[in-house]
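In the part that follows, the structures are each spelled out as structure tokens.
Next come two complexes built around chain A: one with chain B, the other with chain C.
Coming up: the complex of A and B.
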């Protein structure tokens, strides 16, 4: 008799157990697609800006930091801007007084995207080596030309 | 060691332009008082080119790399002409290669130009202290060349530490600035040696290049010494 009572009590407890508990080991995965801005910060010598500090300003308040963070050992940093704040996001990467501010346009479109930005500090990244040589050469030749012009006493004619 | 745009507050950038304008005005005034103000312009133009190119020469000092400045050398060789030469060089570096910045041009010119003028003053002290022998001139040139960059690094460090924004991790930024300042110690020595080598070379081949930028009183003192 007592054995029958115990079994009955167990059966009743099983029936009264909340339904959710029966899913204790299940997994719920939800996903959203977000726009991510990925930075890669390097010095002009090519070294990564490891540990550089990143400050992000949202389009609606360009004076107060919206988010701050630190680059990894390879000078990389990723963050997801708030999709509710479309416009121009200002991102500053700074280390030891060196740094650069870049501006990334985040549209109001619902289409998510990954925006990759190369932050190269103290360099003329958009130029090729040949362009750099020509540009530098013009300045150097300008200086040499000035020296040659004034060396021959031409300055006296214009003074 | 060029401070780029967006790093310093607007007030500091404005103060930098004010000090640079004052230093440049005073330098040009001193140049104008010389018997022939044009005489040293070719030399100033050539050393402007040297200053412009020097920042491309990187010296790897892990974990960072630094580059030559040569402001002390310019001060020693050019005297008062060093200030406009540095200003022009920095302008082209900022405009063409984004090395430095336009808003920070005044600050950068003061950071490098003021020590250059002090290096010039120190180098001219050799006349007062009667250090005009070959060895003594080389030693004074080393100190002047090293002082030019050393003082510039100290000013760079001081300006940036004093203006770290509140939203940054101040301790981290200060540690990074200390590291970059210490990394310049070998460059300070290299620039001192370079200045010595140039001065000793000029002393051998064309010594008048080292005396024609001297103040009138110092030149008279030199001629008295024979």
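Coming up: the complex of A and C.
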């Protein structure tokens, strides 16, 4: 019976031992899910843009390349944008005098797709609704005030 | 009573002036947008055509009109055609003739003109090629004045072309980005012309698209007399083969770019 207790205790101790201590060649694989932008660049003829230059601009700095690379022999290229930089990512692919820019929305804070009113240089910018109401009110007030003033003045003249 | 009325009227006037002042249109942040034209190193430094002619340019006059830069949302895609969905557009009055060959081999792209413009990203550009109204290119949209040399043969040539075209292009594609205008700053936007599409590029393989689709210089050299060729488009149509003339006309719409970015091209009523 004591032998059984000893064996039971040893078995329990083995179960409680850290797994890492049991296997010298253990591995650890972690994973995260990332957004990947996959490009496939071709000429009008359908020929792949093999070796084309890829330049990526992040939303927070449209003038400095965030990443550069080269398409494979099939004109393909993949990269993972930084999820901490949501917005419109600009990607240029170019080779031998031919190029194209594409724009990819990344993350939840995407650029609104709505267009504002057309603004022509040299013409006045539009007034807001509040400004129009206030301006209209002051004009009406001015007219009423002037009418009352003239009426009062005329009454005084006859008085 | 009369004094009170004067006071009320005065208060009303002051209030009116103050409110109207506060209600003035918001002034958008402005910068300076430069419109530039670029014939690239092919024009400034010369190059070898697909058929082995070494070509240099004395002058390359192009006359531009209705130059318009756009802040387009969504961005304009020339492959899809149409017109930019402009939230802001800036127009440079024309017509203006520029010489793409001016300056030295390393000269900056030619300044066409500058315009005060709201800050933002000008991601589309359009322009028309129109006949020059004065100067050395008068009556023509495109005048190519150069010299072609191959072995012991030299041809001094002047081509005068009148192909009426409108180019509408997307974002500039190149080593740097263009059209990003910050308040109180200066940015440029560029109309780029690729003349290797016309003559081909001897540095590229013979079966490269840039050469298989190009006219080259041989058809023009064949028209030269005593090493000289001065010819306009009407005469070209009469003197070169129908296939060569059709090829020439198919090439011209592909001359206009923004850097390496392509443009949608619309033919206007032809003038000769």
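The rule we apply is simple: the second predicted complex is superposed on the first by the 83 of 159 C-alpha atoms of A that agree within 3 Å, B and C clash if a C-alpha of one lies under 4 Å from a C-alpha of the other, contacts with A are read in each partner's own complex, and residues count from 1 in each chain.
Note that contacts are C-beta pairs under 8 Å (C-beta built on N, C-alpha and C of every residue); 3 or more make two chains touch, one makes a residue touch a chain.
Values in this document were obtained by computation on a predicted structure and should not be read as measured data.
Touch criterion met: A:68 reaches chain B, while chain C stays clear of it. In the superposed model, A:92 makes contact with both chain B and chain C.
Contacts of A:101 after superposition: both chain B and chain C are touched. Once chain A of one complex is fitted onto chain A of the other, the partner contacts of A:33 are absent, as it touches neither chain B nor chain C.
Applying the stated contact rule after C-alpha superposition, one finds that A:9 touches neither chain B nor chain C. Of the two partner chains, both chain B and chain C are touched by A:45.
When the two complexes are laid over each other on chain A, chain A has residues 43, 45, 92, 94, 96-101, 121, 124, 135, 139, 146, 148, 156 in contact with both chain B and chain C. Touching chain A in their complex are the following residues of chain B: 2-7, 38, 41-43, 45-46, 48-49, 52-53, 56, 58, 60, 63-65, 92, 96-99, 156, 160, 165, 167-169, 172-173, 176-177, 179-180.
Those residues of chain C lying in contact with chain A across their complex are 1-2, 5-6, 8-9, 12-13, 15-16, 19-20, 22-23, 25-28, 73-75, 79, 85-91, 115-118, 121, 123, 170-171, 173-174, 176-177, 180, 194, 196, 204, 208-210, 259-262.
Contacts from chain A toward chain C in the complex involve residues 43, 45, 57, 62-63, 90, 92, 94, 96-101, 103, 113, 115-121, 124-127, 131, 134-135, 138-139, 141-142, 145-146, 148-149, 152-153, 156.
Contact residues on chain A toward chain B in their complex (touch as defined above): 43-45, 47, 50-51, 53, 55, 65, 68, 70, 92, 94-101, 121-124, 132, 135-136, 139-140, 143-144, 146-148, 150-151, 155-156, 159.
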